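Residue numbering begins at 1 within each chain, and the chains themselves are lettered A, B, C and D in the order written.
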Amino acid sequence: MPVPADVLEELVTANRILANEGIVDAFGHVSIRHPERSDHYVMSRARAPECIEAEDLVEFRLDGAPVTPLTPDRKPYAERFIHGAVYEARPDVRAVVHHHSPSVIPFGITGTKFSPVMHMCASMGTDVPTWDSRTHFGDTNLLVTDLAMARDLARTLGDRRVALMRGHGAVVAGGSLREVVFNSVYLELNAELQMKATSLGEITFLSDGEVAAVLKTRSSFTFERAWEYWCRRAGRPYDTRPMEGPLAGAS
Amino acid sequence: MPVPADVLEELVTANRILANEGIVDAFGHVSIRHPERSDHYVMSRARAPECIEAEDLVEFRLDGAPVTPLTPDRKPYAERFIHGAVYEARPDVRAVVHHHSPSVIPFGITGTKFSPVMHMCASMGTDVPTWDSRTHFGDTNLLVTDLAMARDLARTLGDRRVALMRGHGAVVAGGSLREVVFNSVYLELNAELQMKATSLGEITFLSDGEVAAVLKTRSSFTFERAWEYWCRRAGRPYDTRPMEGPLAGAS
Amino acid sequence: MPVPADVLEELVTANRILANEGIVDAFGHVSIRHPERSDHYVMSRARAPECIEAEDLVEFRLDGAPVTPLTPDRKPYAERFIHGAVYEARPDVRAVVHHHSPSVIPFGITGTKFSPVMHMCASMGTDVPTWDSRTHFGDTNLLVTDLAMARDLARTLGDRRVALMRGHGAVVAGGSLREVVFNSVYLELNAELQMKATSLGEITFLSDGEVAAVLKTRSSFTFERAWEYWCRRAGRPYDTRPMEGPLAGAS
Amino acid sequence: MPVPADVLEELVTANRILANEGIVDAFGHVSIRHPERSDHYVMSRARAPECIEAEDLVEFRLDGAPVTPLTPDRKPYAERFIHGAVYEARPDVRAVVHHHSPSVIPFGITGTKFSPVMHMCASMGTDVPTWDSRTHFGDTNLLVTDLAMARDLARTLGDRRVALMRGHGAVVAGGSLREVVFNSVYLELNAELQMKATSLGEITFLSDGEVAAVLKTRSSFTFERAWEYWCRRAGRPYDTRPMEGPLAGAS
């Protein structure tokens, strides 16, 4: 069952936004679960997100096998297993980003507490785990290139939205494509803000109650408002799609 | 009484400048008091400042009710109450910005002294308070979504130009639109400069006398010079409007 | 005696480069000594450097009086006295920049040692003084708006290329327009590099002998190579002017 | 034997990418070993990398002498000797970059341990030496302007991919042009990440085994993916050249 063209275009847009906002460079990737087949997902062939077009998008099974064999000049991302393992473990997840955004990495390599310092960033949650490939797999090239590693990472993620990967990056999982893009951008912002605040003095983090309140009241309208803005910056058309949640003005 | 078209265009320009200079992203907003009706103010419907056009601008009463009902596809900013409460408390204020600019946030979450370190930034004053929504409202999503919270924030602001909001952002109030945009940009700069200086050694802040001298001698010409520059960068026409104060060359 | 058109265009280009490279924003200014009349200098009317055109340029006497009276809509920079006082005290100086570049300010407000850490930045010298307006003039708005303050600043500058101004910015003086633009850009870079290095450990500065060797061997070709690059970035034509010194490849 | 036009265009592209990604400004340079004559190399005449066209490229002998005499308006880079000395000492090297990228310099002037913190940056190796011109040559202008200095630097580099130069920059050597551009960009990123992490806490560096694993499994496909991205950003056509290594999807 083919994925509708507007869904594919939205995935192209997500790639371009992530590149334009500095969340991914030539590396990193974003996927969506197939809207009709929950055991399939869609992501680009291995290519820099800024360069991706709709024809680069490929459908995969959760084990990482392409549904249609790829031609030799189109290779899959070696780390696509991250996505399959998260979809497998988390029926609620409909989109996944794996990225190496530059302010997030330092938290994964120092083990510093990483927690929301601002309401926009609350969706990362107050309990962000760090997965270290070395714990179960020893000295590797750090890439998650098979299901065993990916499932181990998915176990660390658990039922959360974000996990850091030591010396590597992060994985962001969520209920929609716009949500994971939003949460990736604001994860990077939280990292930047927390680093700056660390240089000034003792930080007052958001309380658990505040984070819960943000998550409870955040509507898809918030994601829409950011999406329109990021589309404009990335030179992509803004498609007002039917939204998944109740509408409400935000911040 | 309709707001003149050139006034509306100036408000569009203010939105675009704040976005282009990195003071707001998809979130944050700027308003003006209605030029003829001091109990009304004008701001955009809920939309990213970079995307705003004149037809997005809406007239509100100070209690946050729109003067003309909005259509379902046009929602008000949930936090418009900030603006109404400041106009209510401060007859001298003719424009308000609420933003989350990235170097300012760390000061609100650490309680570090935040004071002018450079003449261009003196208008923030030497006494910048921080409002914490938790003090009177407990664990919330930190958004100022009703008049009770907004009036509490306005009380913290008092007769000052700037108040920080813990884990959230800042509010900047002033006598003209160009002034609040100017003061928002230079508030962010002061934060950046003070953070850099903190890493080097003990800071000599501007003295109270110096800050008073800057405020006493600053003319609207200073705002004009910056406005022309920011218009050019944002791709907006520069409209030389009648200025409110005495003309004088500056810096 | 009118200033040749190509000299005026070069001064426009210098303004645009300084803005485009982030050394000035809406404020800051650059001047040249009149090529034929050493008791005159040329700089723009008060306008943001990014917006300046050749028709904005004005000829001044060293006391700051315009040679031709300005029309009411064209005001001089209030701080033009800085330039006059430096030309008066330093016959060797043919161009002056006054700027507030963002990594330089923190050194002026902390009194931290500020010295070359990299060969490209050696021209600032190993002895950069900081002028504090408060020392002789008490609590002011920090602006150098008369000859008395400007001469005091020029005395602090002495025979050096750079002086910092506490809570304000810096003045850069040199033998040609391309040299002062070059030294302003690399002064900002040295400040950025030194701040980063401070966060890592103990810094090995360039020795006095190394700084002397750089200054002795630096040719105008170095300034030309940078000028061509900065013109391209600023969208200005590159004019290969006769150079003042011996030609030699550099770095 | 003339160098093929597509090889020259690739070298132009390398120059433009290094400028566009902020690795070089008006200074710094990149060369390739002549594809047919291992005792010659090709690099631009002395010009800012962003401005370089194919007709600026010049063929040199390893001692730095141009194969065809240059006209007076075309000067060689004074520091071209760095390239010749590395090609002379290292038959495996086919491309060299010398740059002053802004986060790398602070490591060279503080002697801080500089080691991979992230898989993308592993190619710098865990043993990055710093060459100090003062050790054997005393107080100089720090430029490597003859073969004696360049050979001394090449000895410090040894069989590694990267050496820092105190108060100056770095040299990056590798097996292909795309590799040295890639390693230069990710060297700067590692420096930025390590500095940020230093401000947060104790860093877990990649282990020697991890670095070895990355190097063993990194294929030319990784360089290709980045090259396509950087070409797009720099406004240069992407030329899919025959690749040197086994193809494999990466990260």
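Just so we're on the same page, contacts are C-beta pairs under 8 Å (C-beta built on N, C-alpha and C of every residue); 3 or more make two chains touch, one makes a residue touch a chain.
Worth saying up front: this structure is predicted, and the values here are computed from it rather than measured.
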For subunit C, the least number of touch steps when starting out from subunit A = 2
Give the rotation angle, in degrees and rounded to the nearest 5, that superposes the C-alpha atoms of subunit A onto those of its identical copy subunit B.
-> 90
Taking each chain's centre as the mean position of its Cα atoms, how many Å separate subunit A from subunit D?
-> 33
Roughly how far is subunit B from subunit D, going centre to centre by Cα mean, in whole Å?
-> 46
Would you pick out the residues of subunit B that each touch at least 2 other chains?
-> 199
Would you identify the shape of the chain contact graph, picking one of line, ring, star, complete or other?
-> ring
Contact pairs between chains, per stated definition | A-B, A-D, B-C, C-D
Residue positions on subunit A within touch of subunit B in the complex are 116-120, 122, 189, 192-193, 196-197, 199-207, 209-210, 212-214, 216-218, 221, 225-226, 228-230, 232-233, 247-251
Subunit C residues touching subunit B - in the complex, by the definition given at the top | 25-28, 46-48, 50-51, 75-79, 100, 102-103, 105-107, 109-112, 134, 138-143, 166-169, 195, 198-199
